[in-house]
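We call the chains A, B, C, D and E, going by the order they appear; numbering starts again at 1 in every chain.
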Amino acid sequence: MSNDTTTATADAGTPLRDAVPGTALLEVEGLTKHFPIYGGFPVKRRVGAVQAVDGIDLAVHEGESFGLVGESGCGKSTTGRLLTRLLEPTGGRITYNGQDITHAGRKQLAPIRSEIQMIFQDPYSSLNPRQTVGSIIGGPMEINGMNPPGGREMRVRELLETVGLNPEHYNRFPHEFSGGQRQRIGVARALALEPKLIVADEPVSALDVSIQAQVVNLLQNLQRELGIAFLFIAHDLAVVRHFSQRVAVMYLGKIVEVGDRDSIYNRPRHPYTHALLSAVPEATVTAARDGEGRERIRLAGDVPSPINPPSGCRFRTRCWKAQDRCAKEEPPLIRLGGNREGHLTACHFPEEPTTAAREEDVILDPALLAAEKGTGAGSAGPVGKVDR
Amino acid sequence: MTVSPQPASVRTLDTEPDTEPVLNKGGQGSELVGRSPGQLMWRRFKRDRTGMVSAVVVLMFFVVGLLAPVISWLYGKDPYTLYGQESLDLLDDFSFPTGKFGGMSGEHWFGIEPGLGRDIFIQLVYGIRNSLLIGLAVTAATVVTGILVGVTAGYMGGKTDYWLGRLIDFLLAFPSTLFFVAFMPVVVALFVSPEDETPTYVRVLALFLVLWFLGWMGLARLMRGETLSLREREFIEAAKVSGAPPWRIIRKELLPNLVTPILVQSTYMLPAAVTAEAGLSFLGVGLLEPTPDWGRMFALAGKVYENDPTYMFFPGVAMVIFVVCFNLLGDSLRDAFDPKAGR
Amino acid sequence: MLQFLLRRSIGAVVILILISAFTFFLFFSIPQDPALLACGKNCTPDAIKIIHQNLGLDKPVPVQYWNFMVGIFAGRDFAVGHCSAPCFGYSFANNQPVWNTIVDRFPTTLSLTVGGAFVFLLVGLGTGMLAAWKRGTAVDKTFSSVSLVLSSMQIYFLGPIVLGLLVYSTDILSSPKYVPFTENPGQWFVGLLIPWIVLSVIFTANYTRMSRSTMIEQLQEEHVRTAKAKGMSSRYVFFRYAWRGSLIPIVTIFGMDLGSLFGGAIITEQTFSLAGIGRLAVESVIKTDLPMIMGVMLFSAFMILLFNIIVDAAYAWIDPRVRLS
Amino acid sequence: MTTLTKTEDSPAPTGADPFLSVRDLYVRFSTEDGIVKAVDGLSFDLERGRTLGIVGESGSGKSVTNLAVLGLHNPKSTTISGEILLDGQELTGAREKTLERLRGNKMAMIFQDPLTALSPYYTVGRQIAEPFVKHTGASKREGRLRAVEMLGKVGIPQPQTRVDDYPHQFSGGMRQRAMIAMSLVCNPSLLIADEPTTALDVTVQAQILDLLKDLQQEFGSAIILITHDLGVVANTADDILVMYAGRAVERGSVKEVLQSPRHPYTWGLLGSMPRLSGDVEQPLKPIPGTPPSLLNPPPGCPFHPRCAYTGEVGGDRCSSERPVLPEGRGGACHLTAERKQSIFIEDIQPALG
Amino acid sequence: GGDSNGGSKEKTKSDKDAAQQQAQIPLGDQAASTGPAVEVPGATPGGRIRVYQRDNFDHLDPAQIYVSDEGLLATLYTRQLTTYKTDDKGRKTLVGDLATDSGTVSDGGKTWKFTLKDGIKFEDGKPITSADIRHSIERMYAKFITDGPTYVQQWLSGAGTEYRKALPDGPYKGKHLPKTVLDTPDAKTVVFHFTSPQPDAPFALAMAAYGVVEKAKDTKEKYDTKPVSTGPYRIASFKAGKSMTLEKNPGWDPKTDPFRHQYVDGFDITFNHQTSDSTKRLIADNGEAQTALSFTNAVDPLQTKDVLSNAAAKKRTVIGYQPYVWQMNFNMDRITDKRIRDAITYAIPDVQLVRLNGGSYGGEIAGGLLAPTVPGYEKGYDPYGKIKKPNGDLAKAKELLKAAGKENMKLVYGYANTEVGQKEAVVIADALKKAGFNVQKKEIDSATWYSQMGKVKNGLDIYRTGWGQDWPSASTVIPPSYDGTQIQDGASNYSHINDEHVNAEIKRIGRITDIKQATKQWSKLHHYIVEKVNPAAPLFFTKQFQIYGSKIGGAQYSDTINYIDPTRLFVKK
């Protein structure tokens, strides 16, 4: 087991903002996960599959925070669980530190288990209600045979302190803590093994904003001080923006756009990224009320079923720019002209790289359309587009 | 940033609390020891009067069962002596007790048994002992099997789950009472060569096997369901991510969380096992004379109640109390474990 | 739906075959010779040999099993004559065709169960729901405790007492007996009244407790609250929304109870001397009458499986989520 | 035009009475562990056609308040005192029959989780038609037609066929639309939406919020929008009520509250929200500590254990004296108005970016 | 004494009954054999009778009938060449039933000739001919007849199972017994040519098993469930294990029948009535129970007291001896020392067994091994002091065991696994333990009890059996039970006694054609067996204590049927 600390490659204490460091800690190529569906008559057999993750490529570098956003059911969690090898990939390759762990068994994974850890979404279900905080955090050390100087209990107390909990809570049970505190316990557990990479699956979605901020700050500090790399999964774009240097946008099992924070938030090219950004409610009166500055895109319906994803570009069913080509050809994830290095987009008809005021609102929702028409907010136009 | 473990309860609406309850109580100095969910349950349970009374009564049954030999020694009677035959005036020509109230006397507290003339009190004590022991053994075995199969199926999933599920379906389709009646003799025959006496323990073993064989599926299903839902809980994944082997996950993560349903279920299963045993004895395939047996007393009571109503009273009332208290205990336990599942 | 039924039926048949094999082979592992039963007073080795031949017991056990199974599906020829499918053979004890005996006994069990089930379902659900409705009141407490005490009774204990009280000493009701409904509905009713009462006393309690607790659970469901928020009356919410949800566990238990009762209410039939499937089972066990045991065992298992399927179908009827998935 | 008709100096209602008026509402639950003071002296008003956003963290009593308005609490374990006037009609002590007539008719509610809030056993159409049939005395057939109409209005494609679907056949967004259709079927004057979009994705959330706004314009209902997301309120509501530990700590119009908040808790909320346009270098400013237990809320100002400015108030006023929330625009805090303004401008605003 | 508690009046009555039962039965002539039977006083025709039975009638084919409850039923629907008739004074006579008289003997007792009456018909109106009688005998050689007595077959064609070889397929493949064995010279005459003198032939032929079967209607195996009637009633419907209804047989002519009546319109029999159930119903005497009885269920021992304490119910009872002695058989292959057998005999507390079986109404302590119904029975015969010391003589038992030097010897005791059986076992094991035995109880399935006891290697030391006479003669008790040449699987020498003197005596007495003389000799042999060999400890004689509904008339205990005589019953108006 290598005891190199990650701080060796990334300067401790300095923010790794917008960094594209050279060494990839974790690399994923064409990662695929299909959950089989059984049915049929008279003997049950495989009749189809949920294509939860369908060929994604990504790389997480040492010490960086890589954000993964997307709507519910698009395969974010599945990706996270594939990377931590909680799930067996259907296809593709996962390389950790140059080592292929795509199909490694429990024994083979043992040495790197401690290096990839996970933080979970639900602070209530992620802690065993029957174990004390001490054994929750100490358990992973015990499993991996770690005997830190001063003993495990010592170390657990240290960790509790690190995440901002009272070390005296060692003997308490999870139900005696609030959601935010529980999430800290989860963080301490992940830290116990001194990991190099933490996969955080929506670690703050279940928390109140005030608590969420506490946890985000905590994670951010950890990332900076310990140089831990994060795969940060979230559906809240604002949180991701705050925490991740690089961001990938997922849609229906595929990555549609990936790039550094600045490119994604300020110069998105994929229509879906545009739509996502425009849907985030902002707590500023000006932005919200006066309709200035921000475009307004309303997509119709929900994400299609991953069992029968649309052909070609998966977003085309909800895209206002979709054309015949989109149905036939799957757009590759490439760097478009005018994009920065590392900013890749999968779209045949990319948007202009600006989120500033658009010429038009995109409203695909028939109900909204009807309502807008009824109240005279907009005049009739081609379906899917309403002239302002 | 501590939370008081147990907020002091407020009695009246108007009383403004005068202590600062939330923060940093005992933050320094003595080590904070939290209350485990088990302890909380116990506290909640202690407040439930019905539950406590039932628990005491149930405990008494166990004590009586365990101490049967001591009671017998103190009482100076044993369950095998045919008192009514030794002195022929205790029973009349039709083998009914000659005395009033089924022959109740200072000598024979609950009277003597019609027919063989044994002492009812000590018979009942030993009957309870035997029934309880069998019930306990059956329950224990059923619970262990149920957990084993249920947790395996739930945790392993896939083919294992499928086939264990089919096994359960198969066994559930057995008509259970009929099976008991039909196969008690078979099971006995399997263990004893026809040349030897059937020792009581073989009958007990057969009873045990038969009740166990068709008894565990319900619990297994329950355990499977619980395991399936627990398996989805993220702390299991957390353990996996830190490389815990399956056995450790089952032992340390799953089982402690299954204790609750197991305990509640067992309290319901034990009286069921005891009454099932009694039912088998009624049908003539349970324990045989002269082994004292609660169920057989029950069955005899139903036959002689006209001539000897007293005889029905003791085993019958004891059985009703026993079953009622066990069920109440189960209800209370369930409430204590899960305060939301309303009564 | 059809597919579901078909699939379940195939599964049930497989289970029945397994049960038959299990029963058959287990039975033959007893050292007891079934021929002794048919043998009577002059049980000489020659006589036994003849009986073995007559009953087909001289063949190896797997062959006997095969013949038995063939008989069920295709019918079989016996010395006594042809026995058309479903043929479960002839009783060792009295040479009656097993199938006819079962068909003959079933109406008794059916009447006993249907009547009893009618009472205990109705009363059980009624009291349980009333208790849930009046939760925490004296009514609730009375129902709950009475049902608890009653459910701890055993049929073989309660039966004789009720008989003694209502029949032998007071002549309020007549002794239990079975008169076919088609023959005389009045007597059918009167004759089965006591078994129904006793059977339902014991079962009712279970249903009271069950329906009470599931109703209470359902009343806490969020969609029930929604219904209230829509302005629907408490009664409407109780009977439409909460009740529908509480049906699933009740149907499950009811199906299981019916299945096992139809397969022979052994103790009840024994207690009241009713010649149903349950008595048949006990008799044939006492006599080690293999074909009859096999027949009854399979019949009972069939009933259990049948009701399993019915329950599953009922789920689909109750819960559209099941129906459409 | 403003909802908050009462100004600080004129507590008496002026002109037309507000459509909904809650005065001094207390809701207490007796539980095994003690008495939960879920709502503790809450007052607010709401006029027709306006939207009131109630924000506050989890457990601050938002839902309890609104369930109290509908009278949906279990009377056995709940004590409710205070006044709830709906269109001049007293609701707190009202008989169940009266409430039944109002619910789903004059006042309606949309629940957070549309999957559990819709009965799985009946078709969407039936569930929508039910209150209509009950309150208007329409026939079943008319009810069904109305359900189809409402489904169409909330933007469900092919409402004639979807009306016979069951909730589980709908997607999350569609279910919430069905919930909305159900609550609007009798043209209620008051619509309470309890976190209607929390369970939904951002894109769908935006659809639903737009829909609510449009429908409000059409029906002219008063809306209470409960949420813990200030962004949602900012987009949708006219006025804001900030709740903390069962009490209202600040209220005002959206503009007022977001632009010049007057309570440290509101500052905290604003400071802990990450923004799309904020400075990523700047760490978030979380509120320290955890929400208080309602079994035993802190005395005085319930926020004081987490408040950074208690020192600026003289003595132990914060921990002993309960600050009052003035009628109309204001915050329940012992800090002086000037001090509040200066703290906000100097400490808080810069961090918000 | 053990029966000190019993009502003395009943006791004397049953003593008298026993005396009648054991008297020699004269053979009736043609006059005695003609019908119709003497009217039962007060009898009126009409009405139906409900019958509560515990067990199903497993066999209806007469040839398969050997047990008493089926035998009782058979008196209603089948007729044999001979039968018993009781006169108004209770005297029994063996008379011709289908035959005109009780038979004519010749050839030193080897040849018996019977002539059929006129007007005897089957259910379907066909006259009964000698060919039918012949067929009835011959079909008993067929393989499907596995139950039932074999006396006549063996007398005709050889002992053991030897006889089957004479006609392996029965009459079904066109073969018949030769004329030299069974001859039917004309339609009315049947002649049996036995291989040795058989003075008891008319008695044997009175057994239900020799009932006539119509040749044209013989369905072989199926006949067992649907026999053709010749008696006053026929089987209208039969649902095995559930119910049976009997209705009047139009083919039966009372004028031809010397003892049966046809008062009631029919019987409605239901099975599954445990004795406790039938007794309770009959004591209560409510509704249909007033016209009900049980053919064979005795009063439940647990309810004997109820019956006796209820004056109305007590009036509705009958009691009589059954032809059994319950005895505790010693497996003489295993217990070879007579002292041990004696010790066991002394130790068993007979009175407790009697009590468990209903007290003095269920039985009476036996001193010897011949039942009171068997000619040759001696009242008061008590070589082991069982009647004097009804609770056993443990001191003597211990002494004997000590003398034999087998203290604490292992004793495997088999008992029937029934409710009473279990209790009896407790009592017996308790006593034997006290006497110094190491008792190993072994419960045995009661349904196949005798088949299992009949195995030579049954692995048991002691076990209870009761052998009933087939007709009132010690020749149907002593040879089957104590003939040492008959030890084989399935034989009824349950004790495996093989005493040369006994064997020789059995052979000798069997050849005596003078019944009276034979009876004396049997009695002597009985003494020898009990006192000198002691193959079985006498336990008790069973009594049948029955109760019937208040509207039933004509109920009388029959000592040939050993239950209430069903042919005499009528419904009171």
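Note that contacts are C-beta pairs under 8 Å (C-beta built on N, C-alpha and C of every residue); 3 or more make two chains touch, one makes a residue touch a chain.
Quick caveat: nothing in here was measured; it's all calculated off a predicted structure.
**Student:** Enter the minimum step count from chain D to chain E; a value of 1 means the two chains touch.
**Tutor:** 2
**Student:** For the interfaces C-E and B-E, which has the higher count of C-beta pairs in contact?
**Tutor:** Looking at C-E and B-E side by side, C-E shows more C-beta contacts.
**Student:** Let me check something: if the centre of a chain is the mean of its CA atoms, which chain is farthest from chain A?
**Tutor:** Most remote chain from chain A, centroid-wise, comes out as E.
**Student:** Roughly how many whole angstrom separate the Cα centroids of chain A and chain E?
**Tutor:** 92
**Student:** What whole-number Å value describes the gap between the mean CA coordinates of chain B and chain E?
**Tutor:** Chain B and chain E have C-alpha centres separated by 50 Å.
**Student:** Using mean CA coordinates as chain centres, what's the chain A-chain B distance in Å?
**Tutor:** Each chain's C-alpha centroid was found; their separation is 50 Å.
**Student:** Just give me the whole-number Å value for how far the CA centre of chain C lies from that of chain D.
**Tutor:** Taking the mean C-alpha position of each chain, the two centres sit 55 Å apart.
**Student:** Which residues belonging to chain E are in contact with no fewer than two other chains?
**Tutor:** Residue numbers touching two or more other chains: 445.
**Student:** On chain D, where are the residues touching two or more other chains?
**Tutor:** Residues 290.
**Student:** Of all residues in chain C, which are in touch with two or more distinct other chains?
**Tutor:** Answer for chain C, listing residues that touch two or more other chains: 32, 164, 168, 288.
**Student:** Show which residues of chain E lie in contact with chain B when the two form their complex.
**Tutor:** Interface residues on the chain E side: 5-6, 276, 301-306, 349, 351-352, 355-356, 358-360, 391, 412, 417-419, 422-423, 425-427, 429-430, 440-443, 445, 459.
**Student:** In the complex, go through chain C and note every residue touching chain B.
**Tutor:** 11-12, 15-16, 18-19, 23, 26-27, 29-32, 135, 148-149, 151-154, 156-157, 159-161, 164, 168, 213, 216-217, 220, 260, 263-264, 266-267, 270-271, 278, 281-282, 285, 288, 293, 296-297, 300-301, 303-305, 308
**Student:** Going by the contact rule set out above, which residues of chain B touch chain E in the complex?
**Tutor:** Contact set of chain B toward chain E: 80, 82, 85, 88, 91-96, 114-116, 185, 194-198, 284, 288-290, 303-304, 306-307.
**Student:** Report the residues of chain E in contact with chain C in the complex, numbered from low to high.
**Tutor:** Going by the criterion above, the answer is residues 56-59, 64, 66-67, 143-144, 146-150, 160-161, 164, 220-222, 224-225, 239-243, 270-274, 277, 280-281, 283-284, 286-289, 445-448, 450-452, 454, 488-492.
**Student:** Considering the complex alone, what residue numbers of chain A touch chain D?
**Tutor:** Checking each residue of chain A against chain D gives 15, 17, 71-72, 178-181, 208-214, 216-217, 220, 235-239, 241-242, 261, 265, 275-285, 287-289, 298-303, 365-368, 370-372, 374-375.
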